[in-house]
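In this document, chain identifiers A, B, C and D correspond to the written order of the chains, with residue numbering beginning at 1 in each.
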């Protein structure tokens, strides 16, 4: 008996990618597709790559339309998820691709998002120590931000093994889909192609406290995060270059061992063989996270680099993976491990 | 009981894409992966996006290595397929992604390829009238060229319905993977990005006679093809703009009806609704071909445009689709209908 | 004594490129920069690549602001140029980068643009037979459309020498800056990168009648134009693939000679040596147009291909070149002949 | 009387860009163009964007061919510059775009380059304290590496004003032309487009000691540099994200003041207004370096970001600027300050 799944915000990039994955999920039947200003439009004109849904019509995001589903994915603007979730009731699995329920600390939330804190839901990054268990059987999932996914996977093994100091420096490059489908001048193709540009420099990006929240408990101490995101001329992908000062006496062998152990048994996170570095093209369309790590002995730093697809492992793939865990399904159902390359 | 499948030329773009699709094919078990100069290398270093095969080793392309498989895909340089196929024997299904067995006319082959003609195998474009039947049960398949796939699908309905004159003008843009993985200066990223460039202008491209061979029998008369390929700054995709002079009295309704009928019942070829035009991003990684057609009444021409992924419907997807037909499997097994977008 | 030059619409792509060229023009002093909704903004935030103008402020497009200049370039939305020009008076050289004064036939204008015809000004394509003379001393210049520039240069020699039939088939690929800076969803980087897409198919593109208007008098008979524009994943550049049926008995030597003669003495239009084909990267940022021509003897067609930068030779460069002619300055002043490559 | 200038290595990216700039330099006459394996080829086939030189022929790099010039630019593989320079004699200004004469410490050179140290020449980064004076009248110039140019400009003001600790963390993204024109598989367009990839991670990149050499004397203490370069899907441009721990009590006002003072009077280095961040598209083809700086109070770090064109300010522009200084010409001759955007 198939699960009946609705997607609210189906015309956006997150919603579209959830649907692309669900179309390949053997236990899922796709129900309502809802949206905001586009409601009433033929879906094939909104997401022309999703051929099996081309003749569907986008409906309005209302409790009535979303009722009667086993799972509802939310790809809504910040601040709208709580009301929709409440109307759905406690028996429906709600998977929120937005930020509303990611942060634990209300003050931090309010400082970075400028609105009242809605609460905290189990966090959909199962590879992070302690999180897979919390996802089992839950009816509410907060899908992590794309940058925190890439960064937390790259750094947590070093913190878990007490290899590095609690000051992390992160510079990450993201494809433009990370900025969403909202139409802004600086996201025009003419502006983006051929250009690298930073934004949110100096500690202001909203994903910064989410990274710290993920790393603090693993490190057993507060981790200070310096995070600089940059926009890269590509539609998808995050390459996160993360580093922290090595603790005295740390060896490369210890670093490598820590990473091997951290990802042992994980299907979607791979420590690459020595000499091979992650590139975003390898995970295009895939739920995999590729990791490599180095010890710069001269500079005294551990450098960990991860590559993910921001829309898959960074959003929709993490969402489906967490749904699978919540429902007791095999964790990998519907999730591609291969990238589409070249 | 799974089919055991080998891929010769597994480190190239065609071979890699065949493997990406086969990894999602429920009836297939991947056997030997072979190559030329790279034999002996870890596969993960050659095709880093194919994670489940990362720890395999590329073997040499020899009869011994390729023996013992039910199906062998060939992604070899021109002229090498015949010898390999002969060594495999008549019970093995051989699917040749190269050009060796595509053309029927030996003289045309020799003029365009400059080597002796190897023969002709059933042609793996099942949507072309008469071809699906010829693929059933065959042990030899010639996978069409990527441009002929895009162009033949766009134009054959107009010729089948006798709507246009037998002089076709085609300008197609292809992603760079169509040029293969061989390392050439004009294919460097620095040269390709930000640039459109034509090549093989004036009738010299080897895919030109293949297009004519496909259209002639449908038209019932020889079709003269003017074909200009161009290289576009993207890794994948073909957009083929095809046109021919409309016969007297042809109406738009007749054109549209011809295309609707031609693709009725096809899973992978879609005539888009009026007003929507194909774009290559919609078929990125997908086996779909998107088609739209117009009648320019002032210029008196029918314009048909198709978008495919040159590595999927244009190569590896067409190959797997034809394999499915040859083996009596459901035609769509292992073949994505969704594109990876944005 | 420097010419004082104003640019109306200075925050757009055409206006920005006019300014980039004028900053390198030895006889020009840049006066007012005006705009619409952005008026009052610091110019460095609008056109961050134009460093010498960074601390200027964009003013409103009013007669008062534009008064007191020797030359005014207009980069305005369709329909606004006539009123601005009239207010400037007859002694000011007005160079309109928009379409308002390009077409001669009022009925054609109204059919394609849906508004009343404003008139016809001397047409700024000096390499087209007869046009350079008309530009000398003029106080009004209509800058050609980018596609008509690329197409007319590629085809007029064949028509001038009576080598081809009066039915031209044109498929052109343009960088996204050709679509302007207006913010539209399909022009987002996420949508554009990795994708080729057609638009205005079937005769509807507004540049179609402009091409015919250019070719008709050269051919001495009406030329029917089938034109299909496509959007390519690059910020700049047009590659126009143009062809027409060769008249009986036409030889390659005759074709080549016609093109050599047509461009003899031109500084900015180059017929490439045999074997070399134009690519848009070669003219990135340059006022050059590169042309190559072939005779496909099998298909019986002459194929002429041109590459230009849509913002330079296709807009701002053509505008400055025509200004130079109008003012009696050396035609090449301020105009780069080199591309920025790779 | 024009300077006669030769370029050895004229078919490469550095040599080509030197020529593009020299073609716009009012005091220069371009003499011999030399190369290695391409010698004898028509220059228009090697650098098709340099139209005025299209009919030149590439000569062999020999003392005879290079004799008789006032200035010789070298764009040669590592290790070849010393012999060529010696043969030219002491009266010729030799500008080496390669690395051979950049490093002062022979041991460091040998460790990073694996060959004997050739010596040290005046270093062509005039904006770095103390360097402009050393360039005046010199007959030998070592052009800085592209990454060290971007990084040194971004960081030296913070070190000069003693604002930060001597441990710098740098992550930089470069366009693919930085990797040169040598044909390598990972630089193919199909591999590069849509992908970000790191390389030389962990302290191994040859530009690392050059950065330290530039910053040490400014800081007055040894600066430890952690440097991670990444390859971005664009032909040109470097975006360097640099940070270091702020010293206790450092304020944003102090940081901003230090940067304003450091670049006061510089034509090509611009501290952007607050709120505006550098992007590589703004300096495409330009000799400008754009800088912005932030103080992350929570993380306690100063973050300085620079954008340059790796081929202009990072190579050929720096080379021409230094030539101008050496010869007593106005520093800005032949150097564009505007980028080519969009």
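Just so it is clear, a residue touches a chain if its C-beta (ideal position, glycine included) is under 8 Å from a C-beta of that chain, and two chains touch if they have at least 3 such contacts.
Because the structure is a prediction, the values reported are computed rather than measured.
Trainee: Farthest chain from subunit D, going by mean C-alpha coordinates, please.
Mentor: Farthest chain from subunit D, going by C-alpha centroids: B.
Trainee: How many Å are there between the centre of subunit A and the centre of subunit B, using C-alpha atoms for each centre?
Mentor: That gives a centre separation of 35 Å.
Trainee: With chain centres taken as the means of their Cα atoms, state the distance from subunit B to subunit D in Å.
Mentor: 45
Trainee: Give the residues of subunit D touching no fewer than two other chains, as numbers and ranges.
Mentor: Only 13, 175-177, 181, 188, 190-191, 193-194, 233-236, 279, 281, 284, 342 qualify.
Trainee: Treating touching as the only link between chains, describe the layout with one word: line, ring, star, complete or other.
Mentor: Shape = complete; every chain linked to every other.
Trainee: Considering only the defined contacts, which subunit A positions touch subunit D in the complex?
Mentor: 167, 169, 171, 173, 175, 188, 190-191, 193-199, 201-203, 224-226, 228, 230, 232-237, 239, 241, 243, 245, 277-281, 284, 292, 294-301, 303, 305, 307, 342
Trainee: Mind pulling up the subunit A residues that touch subunit C in the complex?
Mentor: 13, 175-177, 179, 181, 183-185, 187-194, 233-235
Trainee: State the interface residues of subunit D toward subunit C in the complex, per the touch definition above.
Mentor: 13, 16, 20, 23-24, 42, 44-45, 47-52, 54, 176-177, 181, 193-194, 235-236, 270, 272-273, 276, 279, 281-286, 288, 290, 336-342
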